[in-house]
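Have a look at these structures, which come just after this line.
Paired with chain B in one complex and with chain C in the other, chain A is shared by the two complexes that follow.
Coming up: the complex of A and B.
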């Protein structure tokens, strides 16, 4: 069989993706159909794991994961758009420095940063301890509550919303904004009619990226939430570790992929990137 | 120029970027309904000047008057003027109709009236009505050009500014659009202020042309004046290929070629002229056969020829310098490459410039 030059050139990448991406995914999917508590690929395929999940209260974990992710994405959007706008249009030469400051935390392990927040928020910690000794204020710690989890997620995923948005806003041509202004639009109208819609590709990518990351997060709930909330990722981890039920963990993972995948596809259909870029 | 009040006046307008003057002491009056073109090479300050006129930049000093009212500090969105940008700056996320209606929507006009006006403008610009719902990015270069112009006209500006909107368009379409633009100017009777780096483009369309160099207007005049009586070597060379001879007044009080010393007959020499250049357009040079005479003549070797469509251009080497001669294709000429030829021109066809 004669392969085209292009196909032949792609073979190394195809092999790499098959081995590194498709194979593990297939393994997880296949494992989700194996008998419960088995450790072999050779068992008789069964739907027992899925039945177990639908009979259990796992849906609560699913809802927690999705809910926390949605709240995180909404908060991030509200926080990051103004910041991104400032980085592109307002801060001028300071933008580079600020970008660097937003990037530096990424060089430190997520867990270490989260434990930093624990020290900051814990009773008699940096925040409450200072308030107590300086002003004699005795406040309840927010650590191990849902707001603390959301705070951690917003903090950890901020760059993943900020940078796509920055790119999106910087893609709006200056002449297009000038033209709208010249045609009588006020600054606000220029923003509403031209800048916001034309920066949507960056915004949508930021939404998708942070949503997918946030749904898959686990450390925030464990460290800052103190297990007051069990997200689905925690359930999956428990299945693979304490309960040694790999097939059940695999089934949960497959369901999570399906739910997230469906939501992303729906979102992309609603916010079609090509439409925003005007390609149709 | 009619002696009514000019629609747009510039009084000693200057724009500094740091220590550098991008636009320097410009005085200019533009008449109501005029098609005025500012021509200059890149970096001559023409875009900066247009941005000041449109309200996207403010002058460092000097005044811009619209019908006598100072408008220096009025921002672009409050000025009754509108610009067609080099990139056209269409809204890529909008249809042709929505693009054209944009200024009307901003003004808060009712949707039916907006649509009626958009369709009317599309008619004027020969855009098919079926394009109303078409995405602008699906339009061809020429169509986008028309959409941008329609959008600017929808604003109903008193003056329309153009920032080299045709520069990115291929030659043939550009020639068509130049004429269309002139037609639109006639039909709308609005004042057009156009900038371009192509004097050829300016000649086709303009009532008057201002030539800019290094932030200053070096000459303002009708296309005819710019073409036939350029006031500097810079302007004369801007029009196209020209022959430029360095000349000076000799001890005998007559005009001489500064390199060869050859005596040259010239049009009346300005009183204070000491040295400068003699400019002769290629079409005023002719090959002299034996009985023919001309006021000035030099002999040289026919080096090369270039077919320019209706005309043929010849390069003739005279000593160390090169003369460019053009003749119409149908005019007879038997010279071959490397022939010795005599080229001549008359005094009345030569122009003396001082720099």
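Coming up: the complex of A and C.
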């Protein structure tokens, strides 16, 4: 039987992702059942690593990671909605230029940009140094605290909320809004009953993307948090590198994948990508 | 008709957007300022300005080595990603086939996956296969994340592609290869170009995947990270600024090129009719 053209075009990507994505994940899952501190796949499968995790304090790292991600997503939603709305409805021909301005930082390595925040926030840095020389104010630096980590995450993941949201809002037909206004709806009613539900696909994608990225982030807590909080990704990295316990690191990674994966699958299941990307 | 309430609202949205842009560029400005200090330690307000650290950074052999590693990886990633993603995008958006909706979702999974965990998973995988870590394994690791992104970018262009063009060429007796070269590729070129731009820049700036997969070869983001954690040296802001300016020029240049192409195309069309 000859394969259809679509199938044939999909083959390179599928093969590549099988070798580069599915296989490594299988390896991680299998490794999580290996005896602690082993480096081969040949051991007898055991649940020891998971038992160790449930007895340890790893759940604190898990909670920090999830909590920080939730706070980041909520803040980003509030920050980005007006901007996305403006890009679609208010700025007109300026929207392209503004979009470009929002895109550029995406391509600069995130740890460089985070380091910029360190220079801004640090004692005698741009913020505190200016306050001191201009007003003689001496303030404590907020660097290496939890708010600094949140600031870093909001900063780094902003475009990932903004762009899907913009796409979502641009899917709301003008006629529907006008009709709602003509029928006497207030501004708030139009937002709640028309704009928000119709732009939901974009909003959901934005939430999902920023949440997943934030849960998996590692640099923010290190660079801006100065280890005041240990996220789960840091625990995983330590297990793999410093303590050389790959099976334990794998088990932690599997648990993180389960949380994130469930969420992504649940959200993507009720989703038609053709209408979202192709506007057909 | 704009009402007064609407005008205030629009003004508020504009002010807010500008504030967000300032927020986005604030750290970049701080880095640029820090790179222009002549002293060993950063202190604001800057007492002595100078370009000494720029000269020192550019004369360092180590830094040149870093830049060449980063560029090599990014170029390899770009070429391979665009080829794989081109076909991937055709399957994503052009053809109707049985497994399409599942395929569309599966291909998103690597994008929605924590990158640091992906990096570690690949590290484990490479060691299982017995592959020594080098810039080549890093290319592979980058591709796992970048191929799906580029596929999406190209797909957006493919959605607006009219299949009738290909069919017409076939009817006129063109071969498969001719159709690809004379019709499909030129029409999709803007999408392929932005896909390539994305691939290059995302690879250039990537840190979490490089961290676990480059082995002894070091990329610019990795080096910067190591220096940041180890202690301040003014080489960090210099290299950071270089990296930022490079990315900006590439992006604006590429964007300008796409606009120019689009304009040439519409002029061509209006000229003919």
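By our rule, the second predicted complex is superposed on the first by the 246 of 280 C-alpha atoms of A that agree within 3 Å, B and C clash if a C-alpha of one lies under 4 Å from a C-alpha of the other, contacts with A are read in each partner's own complex, and residues count from 1 in each chain.
Operating definition for what follows: a contact is a pair of C-beta atoms (placed from the backbone, for glycine too) under 8 Å apart; a residue touches a chain by one contact, two chains touch by 3 or more.
Owing to the predicted nature of the structure, the values given are computational and were not obtained by experimental measurement.
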Go through the superposed model and pick first if A:107 touches only chain B, second if only chain C, both, or neither. second
Thinking of the overlay built on chain A, is A:25 touched by chain B (first), by chain C (second), by both, or by neither? second
Is A:126 touching the first partner chain B, the second partner chain C, both, or neither of them? second
Applying the touch criterion given at the start, work out whether A:158 contacts chain B, chain C, both or neither, answering first, second, both or neither. second
Per the contact definition in the header, classify A:43: touching chain B only (first), chain C only (second), both, or neither. neither
Which partner does A:184 contact after superposing on A: first (chain B), second (chain C), both, neither? first
Of chain B and chain C, the chain that contacts the larger number of chain A residues: C
Under the contact definition given at the top, report the residues of chain A touching chain B in one complex and chain C in the other. 277-280
Chain A partner, complex, touching residues on chain B are 54-56, 75-77, 82-83, 85-87, 89-94, 102-103, 106-107, 135-137, 151-152, 155
Chain B-touching residues of chain A, taken from the complex the two chains share: 173, 175-176, 178-186, 189, 193-194, 197-198, 275-280
Residue numbers of chain C touching chain A in their complex, please. 5, 9-10, 12-14, 16-17, 20-21, 23-31, 33-34, 42-45, 83-85, 87-88, 90-101, 103-118, 120-125, 127-128, 140-141, 143-144, 147-148, 151-152, 155-156, 159-160, 201-202, 204-208, 212, 220-221, 224-225, 228-229, 236-237, 240, 243-244, 247-248, 250-252, 255
Enumerate the contact residues on chain A facing chain C in the complex. 4-7, 9-14, 16-17, 20-21, 23-25, 27-28, 31, 39, 41, 79, 82-83, 85-87, 90-91, 98, 100-120, 122, 124-126, 128-130, 133, 155, 158, 187, 208-209, 212-213, 215-219, 222-223, 233, 236-237, 240, 246, 249-250, 253, 256-257, 260, 264, 268, 271, 273-274, 277-280
